[in-house]
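What follows is a set of notes on a single structure, which appears directly below.
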């Protein structure tokens, strides 16, 4: 560090007596939290072994996480078939990257194609059938389930959200009213209640004999709630768009659907992408609530593993590990959202 | 159609009984078409229904599901388990997601009368009691005056405990958790002085505590909580099957039929009740639309009630429970079965 | 196109057709669902109707504000749950706003370490599911507190242990009613004085001693009133007997944990709103204010925050509604809120899912509407008045 830099840090932290005192106080506070935490998580932790008895160092027992790692990732998905989950994950990531880095004129087509093909491919790979061994949803769990619920709920939420955002802006009073009612209802009720609602009520309102998969019910319930939030995010984009855009399109002779599809929506969605990403982050966090209907997502499987008599007392380890994963996912997403927000502002 | 089935049964020589018209059983048909039994169980209660880290289920309630699958499908392994919380168990059964609920659930009047449920017998006589820390020196429930008690919301224990202490003018604070495991975790971390559940359930839950040896289960129960398999209203033939598979397991123990000697008993036994139970005579299976060797399969693959008890909650298990009330009536217990006649 | 069908191209006609189709479709769908549901319920033998509300509940609730007891009916249980939900929501909103403002302003501090810490806090909190906070605080709070025998005592009248905070309760509340009335009157007087002072300042430019009068009215009067009331009332002071303290009122750890979780979590979001709002105030405003000789705290209080409020109120409303909805996370740690009591205990006991879920959702929608209405009123009040 050069002398000037050191100098500038010194003024920044200890420039005046007040600043200095504040720096010291905060510094001590941080140390007070960080030192025991680091000792527990890293220095005093036990990393290798096979059972609880191997954790003798007094700190975190990461042996537990290692022993349960497969379950944290895949739940009770049969070990021989886990390659299918990995494959599905890789395909989704590659497809996402291809869309992001594709030339602009191909992007929309690629995106639409992926939107149709990928979900079906994903269900086939995970669920089996057609020459793959069927794996029932009750065997799914862990991180894969968190990701699955997030993605498939937003597959319901985004189209619905766009539709209701447009409906809320519509000139037709009935459509506007229905949209407002839908949005405000789902935004007004807690997600815990919605998941309950979906799991209890969906089987009741279907004609006798038609069962809906337990997981599908949770996905539908979450999808409806997030759709309402997505609708508000998209509405922000629609409102930010100058009215002249639609007027110009109409003047060119485009009808409502064409003007919406080719002129208004593409621009509005670009504006609302950061807001929609934030709603997606909220969705990822809210997937934890599916554990109220005994679907074991990452947090659920972590909790379930605590009940194992041979690994009693691993609460801190289980929560710290799963919490870190949630944090990494959400943090990365929020960074990305901020990045696109910044780059669109610069444009 | 019914005639056709009856005719087929006759033609197949499957039955020597008079061909009778079987009531339709959509549940049984669905199970056969699906190839497996859908069984609702507890989320995780060692000894009753518990999945190990490979996802394999075991326990006395699970054993009943397996016996039922063996009787209906001929293979005890053809069961799919749906773990249910205290709150979910009824809706899951009512909406037809499971064929039967074998989940450590107490038979009560209002459940029977208002929830559209039928209880098909008793596979475990449970009595509600408390687990407390040894350091509290509590010997009976009456010593718990002023204590905090953790309980699972929506269970019979929740109301039982409140009633029991109120009737005796004792004041306890009851904290109701949504799941048993949450209540146990809270008890273990010191939030409550006691956790209440059935004696058997407590024996199972105790192993989840950090230091099981520091805790003691009060021996004197405050209530009787008979538990057994539950079905929806309707489909009487399915209810019949559920009821008599349980009776069959108990009868097998009373008659001395075990998984080890079942082949020999079926071939050589002179006792006609044994012969009817195992399908050597009487054609009982066909009367319910099952193969005549239904109970033979169940006992061969799962064992009689006593074997199941010893293996899951009894001396052969980690729970080490005495038979107590769950002993046969002939040996001083309460277990009783109507005759196979 | 055929002339007879040409009217379809009329925009208004088409609009009507669309709406009619939507309406028909919706009504049809609802009728279909309702018919299926009633058919399924009859077939399954599940009871329906609202009679169950008058059945004895039999459920013991550890934290009651409404005077509910185990002997009351299920409707009483419902109101007990509603009261608990509202209690934790209101307090959490107040505290989260406070903490959010502190963190948001710290984030903008010129002190590097302070703003970095605030930023780290925000990034940490916003990216973790709320359920982790609830569980962390719950088991953290219980673990940190001592067992009843080693309770932390506050002047030997209030006791803190892992069963909660036991505080004394007045035996006869009559004097407290008078005290409350006195406090309310004092606050009303303070409001009038402040109003008068403001008007006078606008007219004459003179400052009135609002602060001194305010201190007397807002703090001294309540302190005196409460002291008088407490000294003249007999107290039900908790005493240690057997397992725990008897008597008094117990603030349960579930409440504290849920409150702490809601406050620390929501504060992260409010802090971002505060930061965004303050940054949106043009820099010229601050410069102009400091040119007028205002000091930094004064600038913040008199110039920046009043303007930032206008930007902050709509997103704040959303956060407040989130607190209301998120209070349902209490169900995970046995806080007896409406979800836990009504959708948990009562539903399992009665099995009447449709009625109970509908009532629970209605509670959230009604409270949510009330919060929105209040915030809209507030927003209109602070909106830029163009004279």
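Which chain is which? They are A, B and C, in the order written, and residues in each are numbered from 1.
In this section, a residue touches a chain if its C-beta (ideal position, glycine included) is under 8 Å from a C-beta of that chain, and two chains touch if they have at least 3 such contacts.
This is a predicted model, so every value here is computed, not measured.
Centroid distances from chain C, each centroid being the mean of CA atoms, peak for B. For the interfaces A-C and A-B, the C-beta contact count is higher for A-C. Inter-chain spacing, taken between the CA centroids of chain B and chain C, is 44 Å.
Inter-chain spacing, taken between the CA centroids of chain A and chain C, is 26 Å. If each chain is reduced to the centroid of its CA atoms, chain A and chain B end up 40 Å from each other.
In chain B, the residues that touch at least two other chains are 91, 95, 178, 185. The residues of chain C that reach two or more other chains are 40, 43, 139, 331-332, 353, listed in rising order. Residue positions 200, 203-204, 208, 292, 315 of chain A each touch two or more of the other chains.
Across the interface of their complex, chain B is touched by residues 68, 71, 76, 136, 138-139, 199-200, 203-204, 208-209, 211, 214, 292-294, 303-309, 312-313, 315 of chain A. Within the complex formed with chain B, the residues of chain C that make contact are 40, 43-47, 58-62, 70, 138-139, 142-143, 147, 162-163, 241-244, 246, 250, 252-254, 331-334, 336, 340-341, 344-345, 347-351, 353.
Residue ranges of chain B in contact with chain C, taken from their complex: 86-87, 90-91, 94-95, 110-111, 114-117, 136, 144-148, 150, 153-155, 158-159, 161-163, 166, 171, 173-178, 182-183, 185-186, 189-191, 193, 232-234. Partner chain A is touched in their complex by these residues of chain B: 43-44, 46, 51, 53-55, 80-85, 88, 91, 95-97, 178, 181, 185, 207-210, 318.
Looking at the complex, you find that chain C touches chain A at residues 15, 18-19, 22-23, 26, 33-34, 36-37, 39-41, 43, 111-114, 117, 123-124, 126-132, 135-136, 139, 321, 324-329, 331-332, 339, 343, 353-354, 357, 360-361, 364-365, 368-369.
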